[in-house]
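Okay, got some structures for you below.
In the two complexes that follow, subunit A is the common piece, with subunit B as its partner first and subunit C second.
For the complex of A and B:
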């Protein structure tokens, strides 16, 4: 039975929300963003910045929307003269010690202080004392710089490290207007999830060294994607500038990663920009066009029989994995993948969220589609197979008496003997899905064009299928996925469109591990 | 100042009766004076019955807010499901206030007895007495008294811990105190949840001031009606109150009078009046956090909760700061603002930045570099700092500034216009 809803009005808009909802969250439902700094939905409420002051009818004074829970019949006014004056006052006070060095600040353009001052700040300052609080820049950790002069002491970083990372190495040091974020003299901000403090910082006080001066916020294009760092499947945004991935940031998904990603995932993007890519199809090492390369590969597949092996990267899209399997269905088929292992690094404050030991975004998808983890056995089978199809697995030391068909982003030594090499897009260059370790199917979107003639693996395989079996070509990842969902038990009932931006779980029955 | 101090005929020495008598400090000496008899009596009473008597007496919190004590106790869960705690606020740090120190110095057992009775009333097995860090002597005396009481077996299964502060004014704010007791930074907490629901260690907690608790045994022994009858003006303010008088009077010190006592009599009779040739200029009746009264208001003010409100100020902690005509009000207000700027915990923006900015403006005015517009700026800033933060430290900084500009505007203008020699402020 659903919990009873509480009815209230916010700026004359009636909303109904569950009991216990904070006014600041209820306001979002009314289409009202109450300006705030210390509040963050992923952190404990602090109620310290006092920015979200709103008028609540019958309350004797202004209330902070972040710490006030809704009540039946409550009337909230965020735009009353009194509330606006109070917030203007907070903004003025936040600015008296803020350097206003926006032209050289990485946060400019995505700075909440800029935004709210622009929205409802005072046109000029009355602070005529000129000297501002000064503290030198501090090196907090491997990827974090602290610029105390810009700090507004919202304490989001402190709460993250204390409550979620469980490593309280930073605090508010000193008091009054001398306060700053201090770090333990013998500690570094080097927790595997510490980079989140940079995203959490509403101003340019905590900066990523990796992103330092790389781009202005307004130059960035943002694309929803899935982190490829491990099998957790954290939702991320790829920030690209002129088709170069320059930053990875978490994209909120309450079911998977809430508002966070680990540093491993955050910094695992440079390979998406690498320059030594295959840009044209090769037939026996000679560059050619897609028509010749596809028809050569189709000829090989039509003419062969017996055993076929698919050696796939667990970074391959579910769609490509499905189509590869379908392509080899005429053979005695073996599929396998290998997973790089690392240390597991949980974020203790969030249940079931960790950098997983399996550094593979689609191992579960591969398993569900019948690919095996016994990579060594598959390699052994390759020796006597008629066809070996490799999808972007550069570490394969393949020895085969049959024909090697190589789909890849780069050309490793092991692929030099391939009959046909087909250039494919990487995760940033195509649409597709991954299945995370919990069986959640999640879409990623194309963030930049693929180099040269490279195409998404699902496109290449779908073309081959059309040529070999006369099957209908899939025009998009969506069509490929829907074909997959229509023919694979584990994915029954799912549709590409239905996955949306947050993904969906496979059915419990089908999802049970074999 | 100091003791022995002979009570003035107009004083009502209840809590201060044994001030200056070292024998009353000891367990034996206290027992001789009827000590812990009331505690024995309370142990036979139901907790709710104790609360009812205190409620009936009209006793209100002596720490500053004046909240009815019995009512506060009644907020504690009746049916006990978790450990209950009592915190005793002995972090007396309000500028101008030094009454709790004297209670602890001379009558430590009075505080312990009141603490035990309160603990029974709210069903707390553990109590913390949070003593201001600078109070080394009162701490040593309390430690001795607690050891004696424990040895004498009067605690009856209750546990009392003495907890020393580390020098932060804000730890006298009840929720900051709870954080401090927990070993955390002494930052005030947002309310709700209120201490009676979620207090120290997340358990139901009551926080009472030293003077409040020291009055409890008297109320229980002599009855609510007797206590309630001690009221010279408004029946909502009952009992006696200790006033710490400091500043420009001939006899500064602690004076205990019945609620509703005229401030004028306190200053001019009990405290011996102004120094020769000086006249009263202003008075802060309730510790530095309350609005300043001018001479006329002071001389018409009755010292109880309502009487002070009537004059636009508050009874507060009863720390009476007196200024005669030699006082430089701009300088005095700057000193108060500087205190709050120093002590702000830095959580709320208005307080962290506002107290410091207020101080800077006042310093600028004193240095002869002020502008007339600064006065409006100060008032606007003070308005911004009032009623918008977690605790009232920010409001406390604004109160003397607003009342000071309102009542002594010409003194500010003299500095700004260059009519007065600039003051170097270090």
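For the complex of A and C:
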């Protein structure tokens, strides 16, 4: 029976887990984190670091928690004297050659060696008379540096490149205390997903060149977000320091990206810190305040009739897309979003995970709300439209006989003819949702304040809607999303709060209803 | 109606000031013949009886290595520990690939001279100094940059050592 539960005791806490669970995973349920280096939930079990030794009753020797499966009636003690002594010994051996250069190491503060040595290591060394092994820093790939001195040979990087990336260019070279991670002499660590070895490395041995010396781990504020690199919708964490995004890291979501993100997504954050943002609303290119700009835009919308076109960026939140459609509902309405295409780069070891060719995080959301992919046709239609509403950075010049309303983070050449320009926040500065290509609605959170008077696009559109139609103003992304879920078939049954941090799929529900 | 005041009759010995005056003058003249304790600051900066403590925590000094470069590796611990938030640090990388501070500034006006920066420094680079003369003509001169911190020559504080609480 596959879903039979096994009962065991870990540190006097009874737990029930499915058959085949590893002791280290069962221990997490008991609230115990067994120290470990080679084990990673996203990788195959290797059992090489010997760090997770625990005492199992009736077993002759200590067992490694990462390679021992649970058994009925098992009694595990992670904190017994014998287990702690053994782990202290392992840590002492790991530290023989580890340079204590934490002050200049980028991993300091989020280093598992630092954490576990602090937790249960020896207070002093007994190897003071030996000099430490030294190897120079190696350049592994476009974004990866290897510092052999700090390496503890957990082989997570080797297993990632071999099993998941399917490009085994690194291995453990030499043996014994001379061992190090070696790279094939003619190869580079340039797989599109190779950057994950930096996150996987439990110590500061594999470093990101992009993040090198940029910030200390304890200075970073971490915000849950969604990658805007492509339509896969990988869950990420935006690390900000003094309101500047300095790093993007994967956020585990077993349904979407497991523990990984591609290098394209990892490095695709600089535009979030752009300095050339619009900070105040403009009416005919004169800076003004929100009241005047909104009432001007509302007057335009109330006075016009006939055709209206919405040209949106695929990074626009689902809430803003919905409110924009509702705003133009009185007109003969056309909507289109622009999509940049690139190369597809799959991660072979994980099914259905790739850097998608379609570099549009909310393409599916826009489609569900009736926006089309045919941007060129919409551009053509906009020539004769009465109102053209553009959300952020059109890549083509917009020619229209009617009025151009522009909501954007920056003011490109193509939007200079706008009657009203309303500054909006970018993805790092607002709350909202994206729908990924598999129809999963996922929330992203505000990581830093928007510049100047810029507001989230859903706020701007709902203010406009309130002025034009007398509709109720949405005070939060949650209210906007709940209004969307209440009135759009595809999103029925979803609520902003219910999406949680991991998101929810829409396809099953929409299919059931149809 | 007049207020009735009762004037007490006291003997002359109790109301005379002569005795008290002589007593006071005696004290004054006695001090003329005792050793002087006044120090002629700023001509004189320390005397045998009065020197500044080696544990004094004054304006900072950055120690340098043999090549004259600062010993700081920009680890970020001093801005983190600083209770007054007076240290500004931007790390960078030099030509040899070593981590070093691109910008290192201490605002001595904000500083509360707790000495935590010296205590936390893993490289023994930043120190509080045994120094107390800091006058300047403008406020912005009190933000010491790296060059100025390295150029200071005053002795550094020994801080308080818990294992040797009396400084012996």
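In the analysis below, the second predicted complex is superposed on the first by the 505 of 514 C-alpha atoms of A that agree within 3 Å, B and C clash if a C-alpha of one lies under 4 Å from a C-alpha of the other, contacts with A are read in each partner's own complex, and residues count from 1 in each chain.
The working rule: a contact is a pair of C-beta atoms (placed from the backbone, for glycine too) under 8 Å apart; a residue touches a chain by one contact, two chains touch by 3 or more.
Source: prediction; values computed, not measured.
Set against each other, subunit B and subunit C touch different numbers of residues in subunit A, with B touching more. In the superposition on chain A, A:103 makes contact with subunit C only, while subunit B stays out of contact range.
When the two structures are aligned on the shared chain, A:123 is found in touch with neither subunit B nor subunit C.
When the shared chain is aligned, no partner comes close enough to touch A:185: not subunit B, not subunit C.
Once the two complexes are overlaid on the shared chain, A:275 sits clear of subunit B and of subunit C alike. By the touch criterion stated above, A:171 is placed in contact with subunit B alone, subunit C being left untouched. By the touch criterion defined above, A:351 lies against neither subunit B nor subunit C after alignment on the C-alpha atoms of chain A. Look at A:14: by the touch rule set out above, it reaches neither subunit B nor subunit C. When both complexes are overlaid on chain A, the residue A:137 reaches subunit C alone and has no touch with subunit B. When the two complexes are superposed on chain A, none of the residues of subunit A touches both subunit B and subunit C. On the subunit A side of its complex with subunit B, the touching residues are 45-51, 53, 61-62, 64, 67, 85-86, 89-90, 93-94, 96-97, 126-127, 129, 152-153, 155, 171-172, 174-179.
Subunit C makes touch with subunit A in their complex at residues 73-77, 80, 91-93, 97-99, 122-123. Here subunit A touches subunit C in the complex through residues 102-104, 108, 137, 212-214, 216, 218-219, going by the rule given at the top. Chain contact summary for the complex, subunit B toward subunit A: residues 168, 170, 185, 190, 341-350, 352-357, 360-361, 364, 377, 381, 384, 387-390.
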